[in-house]
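I am attaching a structure below and will ask some questions about it afterwards.
Chain lettering (A, B, C and D) follows the sequence in which the chains are written, and residue indices restart at 1 in each chain.
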Amino acid sequence: MTEDFLKIQNVSKFYAGVQALDNVSMTIGPGEIHCLVGENGSGKSTLIKIIAGVVAPNGGEIIIQGKSYKNLRPIDSINEGIQVIYQDLSLFPNLSVAENISLNQLIEEKKKIINWKEVKDIASSVLLTIKKELDLKEKVENISIANKQLVAICRALLRNAKLIIMDEPTTAITKKEIDKLLSVILDLKESGISTLFVSHKLSEVLQIAEKVTVLRDGKKVGDYNAGELDYDNLSFYMSGKKIDRSVFDYHEGADQKTLLEVKDLSKKGQFKDISFKLRPGEIIGMIGSLGSGRTEVALSLFGLNKPDSGTIYMNEEPVKINSPRKAISLGLCYLPEDRLNQGLFLRQSIQNNVVVTNLRKILTKSKLLNYSKKHEYAKMWIDELNINVPSLEVAVQALSGGNQQRVVIAKWLATDPKVFILDSPTVGIDVNSKSNIHNLIRQLARKGIGVIMISDEVPEIVRNCNRILVMADGRIVQEVNTIDITEDKLFDLVSSNSKNSEG
Amino acid sequence: EADDTDFEIVMVVKLEGVAWFDNMRLGVEEFAEETGVNAYQIGAATADPASQIALIEDLIAKKVDAIIVVPNDPVALEPVFKKANDAGILTFTHEASNQKQVTFDIEAFDNDAYGRHMMDVMAEDLNLEGEYACFVGHLTSTTHNEWVDAEIAQQQEKYPNMKLVTDRIEEQENQQIAYEKTLELLRTYPNLKGVMGSAMSTVPGAALAIEEKGLIGKVGAYGTCLPSVAYDYLKNGAAKSIHFWIPADAGYVSCKVAWEVLKGNEIKEGMDLGKPGYESITIQNNQHGFPVIYGQAWHDVTAENVDDYDL
Amino acid sequence: MTGTISKSQIQKVFNQNEAYLSLIIVAYSILVTSLNPSFLSFENLLDLGKSSASMGIMAIGVFVVLLSGGIDMSFTAIAISGQYIAANVLIASGVDNIFFAFLISCLVGLSLGAVNGLIISYFKIPTFIATLGTLNVFHGILLTVVGTKAVNSAQLPDCFKKFGATNVFTVVKPEGGSYGLSIFTVIFIAVALLTWFILTYTQLGRGIYAIGGDMEAAKRSGMNVFNIQFFIYCYVGILAGIAGVLHVSLIRYSNPTYLVGSELSVIAPVVLGGTRITGGSGTVIGTILGVAMITLLNNSLILIGLSSFWQEFFTGVIVAISVSLSSYQIRKSMMI
Amino acid sequence: MFDQYLKHSRTTILFVMMFGAFIVMSIFLPGKFLTLSNFQSIASQIPEFGLLAIAIMLAMLTGGIDLSIISTANLAGVGAALILTKYALPQLGAYEESYLIFLAIVSAIGISLLCGLANGLLIAYIKVPAILATLGTMSIFSGIAIVITKGYGIQGFPEKFLFIGSGTIFAIPMPMIIFIVCILLMSLILNRTSFGFNLYMLGSNPVASRFSGINNRGILVRTYILSGLCSGLASIIMISRVNSIRPGYGSAYLLQAILVCVLGGVDPSGGYGNISGLVMGIIVLQILQSGFNILSFSPFFKNVVWGLMLILVMILNFYSSRYSQKIRKRMKVD
């Protein structure tokens, strides 16, 4: 075999109080599709940032194309042909789609003067390779998360790239786009470009990987050839545990009152005639293509997106929900799809993040905050949800994705909800945590909470819901009982409807 | 017997770093040198009563013997003066004829008389007719308001053919604003003949506008200003006549008054305080019963005599 | 597509800020003109262009900093330092040349700007804090070390006065007197154009937008954030230096205590012009409109015959109304 | 525990500074700095300025700023002064006089609350950026004050009223007592009430706070009202201390108040900062200021020192966070 493109030797990295990487070594050959897997917080992103020169390691060596770098800077890495799709995308929200896509190329070419036609051309030609259309002039802050992710992917597909690193590029996009991306990766391989691919969706990993490196707690568990791996042993390598892959079995309870009913809810340009019922203990899945309006409906239920017409009933009483406060007081809560911006106060402590929705419970009689109560209360929920935290005082941004998400769930459970709307609850969360979260959700349902789960992942929906609403173009196109459908059928249903919407 | 020179006399001015008070400092320093008394001048970086009070508070803590203040806001000083007096410190003011809680207020002249005098000069120059406008530094500046009040009163009493075009205009002691406001005045009132300034910055700002609009000879700037600041404009005719009193002299005289009182001497009507315009002072009690020393120390400056001044 | 409707709405609204501001300016101008027709004279507009040039140039500088996600509080101290040092050096050296004055003022601006740039990019101090610090330091040093004595028009070298009176073209009025397009306005326009060019057509300019959008992302994409920030503060410094010379040439007087303290009244028109205070978004046109609005307001109150006692109140009301109108349009798009 | 200590490194730096300033001044000004009268002087200067700084801090905690504090104080002062002088007839009995003073205080507070409300509504409901909204209201409030007074000061208040600004209780100046009460109350509000908690959360991420069901608008409005209240209290102390009111009084405090907030560790982008830091910042500033005044330093030199101090705190902060990372690493290795 030819010389390795990238060689990492004994790299370590400490963060405040955390050893993110511990003596990790890895190689990537030219044209190799290499996957990096591990639980949340196992150090994948850190390793990637080190390769990109964004984070300086505390020890170890990075050798790119035979050249050893002591002080790797982002620009060196880029010049060596390494392009990264960061987990947080690292796009420029205030710049247009076209510019975001072509910026790297322009920097790479050391252009001093911008030719806007060239910017557009680069962008549209890259978009062509993934067969996607986007409004090139739109600012990135105004497009959906899914489209942002596509922009980030496009940006990395540079002409001179030799290694493209993708840190969870598929969290927000649907099956169809994912398939396109995977085929692009195979194309890249043909032209000798290597890929380092990180994903928590093990099916994708198993689908394209040639080699897989598994990290656990900052240490390397091992390198494996794709052939040796299947879902079970891969998830076992990652977590050291066997993953529970059970299915939600819904028992119609005796209490068949409707908890939440939505009737003919419409909002111009977003959704139309949305009607459904939710009973206690149910988990309803909402699935659909991008922009099908699920988030908008959820926001309307949570008082953040005033609908034009339609009625919402809670416990068979019509209610008007005009603010999240009102929603919460009615027993509704919403886990937002954008965890980092909408769900968390990143720089605030974990306990503040947990108690924020429910201060009443930690006030003294004279309506003052009781610090020890606050601590206890937060601790209770952290323990209840098995969240792994160094201390309650630590800023929540120091937590791994899965733990962060569970903090958000904790904050909502603390309000004692009747209806819990979860918008993409397991995006970017590792298999083990994911199954923990799924279990958590099922437990909630068993306790009589009605759950609405929005997700792009067919298996997640099929395994965890008893009923599924398929949405397209702002409408519910089909409502099915989970027992009546298989994963494959649901795939077809979703993609056939999304085809309609594109046509 | 205590040493006659063993005193600490502090002059607290409105604002540090402006020509006016730089000049005043010269007088204070002259006094200190001449007499051997520890006299010096301080001021705040911004012309705000609050900062001035802070300075005085600290002087009280420092236990000086006499504090002379050129107040940004005379009434604001009363309580802190009371505190100073209670601590055995003598307080004086300059440019604050209505001050309470002072041993003496020292005035270069009577503000009312000065305002009327400035109006007389302008009226004469305009042949007793025409439109004019008055500026103040800040709408809240007492002295400026007193002058303008007197100017307007004098015009209404004596010069019926003259006309004030608009309420007093504020230029925030800023030459650019004086310039812009004058441009606007000239545009709004095409028959405007005179601009009367109170702050140091009005005359040059207004004169510049007059000059730029080619109105020299048709419109003139008048009012309080320093010769050096208005020099060019007096020479080219955009500014017609300016008035001022010499701050160094006022500084000197104020220190002198403080010193005499500290020594236990009496200040009497007709006394000579050793500077031109203060050769024969008059003393009157103000409405609150505190004594005010008046000189007759204003100077009228025109293109003819501006070269006589180096200030 | 369902999404496109809300999308284009949002975009329209963002561009609308400038439209709204223009509308307010036009409406206000109509009001003033109806009260006093002499407002809308060519002469008056040219005069306003001249008076607003130095503030406008500083505003452009502030705009660039705001765009990059920072803020500069020290530019007034830089402008006055440049101006005052230039005036004094010219007097001391006897060189009577406006280009020399610009050179000195810009050099002073550049070095003070560089100090800002270094402190900010090396120590990673929040820009607001750093420049609030240097505002005090620069001005304090100027006044304690260089001096506090103002330079009067009689002492001021002739080149400033000549420069201040230079018109690109002059119109002689039939009734005597003349007016014209001041070189100040031309410089202001040139600075605006240059800035627009840098921001739109150079990698550096896009870098400024980029770090305003997401600093970390800019680092990751291999931009030299240190250099970009350094450039920005140097650029503001130079613009402040230019503005300083214009200011002294306009009023023929250099007082080292002037300008400082007016930071917020320069930042305000920039924000009014639609520049996002958190960075990343804004346009040169918007900034110019903001400056125009404030200049208009400050130079029309006598014209409409408003008593001075009411002027401050009136100014406040107009500012409040215009910011409310434009904010009200944008607010719907905000999730907070 | 170590973490906790490091989190407060900024406070520690400030504390050391405060102590340092104190020691330096005591050594360099023997017999002048360490005197009762100097402490009284410092103590009577801090409160009105401190209250204004708290007003700014509150706005800063939400990620905004309140430029209208001085004009609010002026307007409130004018309101109170009008009542105090209009009805302050010499034959007034003690009871009426107390009633009058009470009325004046209530109206000053009422006006300042209204001013704060106006700011709050503009910022929370119309979503005007705070800097613009308060810049506008700054002109409006002081404009009203000027229209009312025509620029002339209002002076001469009842003797009893002056006690608020100049009186002492057990040698402690009255303003200081008011200030201390306010500090305590304000810490209580910020640290112990749900309003305070929500205020910090809103400041650190307004979107997330909206999504968490926090009433952002309500919090913002209340914050600016509270900020107005602090200005109102400052104005009562102010007018009583100087026995008069004139629009524009205290304008030099604005930038200084911002400076002291930042020095005291308040993050201008919101969410972080506490009263204790602010108070230390104020004390450092006041000690230096008084010391320099006693030393008769040029006021401009003071500016240099303040500016340097601000930058120095941040630079020390920069190194201390670097250093602490190293320490952590070593602890990890051990």
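Convention: contacts are C-beta pairs under 8 Å (C-beta built on N, C-alpha and C of every residue); 3 or more make two chains touch, one makes a residue touch a chain.
In this text, all values refer to a predicted model and were calculated from it rather than measured experimentally.
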A correct list of chains touching both chain A and chain D reads C
Most remote chain w.r.t. Chain D, using mean C-alpha positions, is A
Check: interface with higher C-beta contact count, A-C vs B-D, is B-D
Rounded to the nearest Å, the gap between Cα centres of chain A and chain B is 72
The distance between the C-alpha centres of chain A and chain C, rounded to whole Å, is 43
Chain centres from averaged Cα atoms put chain B and chain D apart, in whole Å, by 34
Per the C-alpha means, the centres of chain B and chain C lie apart by a whole-Å value of 34
Check: chain D positions touching at least 2 other chains come out as 146, 150-151, 207, 209-210, 298, 300, 302-303
Among chain B residues, those touching two or more other chains are 16-17, 45-46, 139
In chain A, the residues touching two or more other chains are 304, 342
So the touching chain pairs work out to A-C, A-D, B-C, B-D, C-D
The residues of chain A that touch chain D in their complex are 14, 16-17, 19, 58, 304, 323-325, 327-328, 334, 336, 341-348, 352, 356-357, 359-360, 363, 367-369, 391, 393-394, 411, 415
In their shared complex, chain A is touched by residues of chain C numbered 1-7, 10-11, 14, 200-206, 209-210, 212-214, 216-224, 279-281, 335
The answer for chain D against chain A in the complex is residues 3-4, 7, 188, 191-194, 196-198, 200-201, 204-205, 207-215, 271-272, 325, 328-329, 332
Listed in rising order, chain C residues that touch chain B in their complex are 36, 38-39, 41, 44, 47, 51, 143, 148-150, 152-155, 165, 176-179, 247, 250-253, 255-258, 261, 298-303, 305, 307-309, 311
Given the complex, residues on chain B that touch chain C span 15-19, 22, 45-46, 139, 166-170, 174-176, 179-181, 183-185, 187-188, 204-205, 208, 212-215, 228-229, 231-233
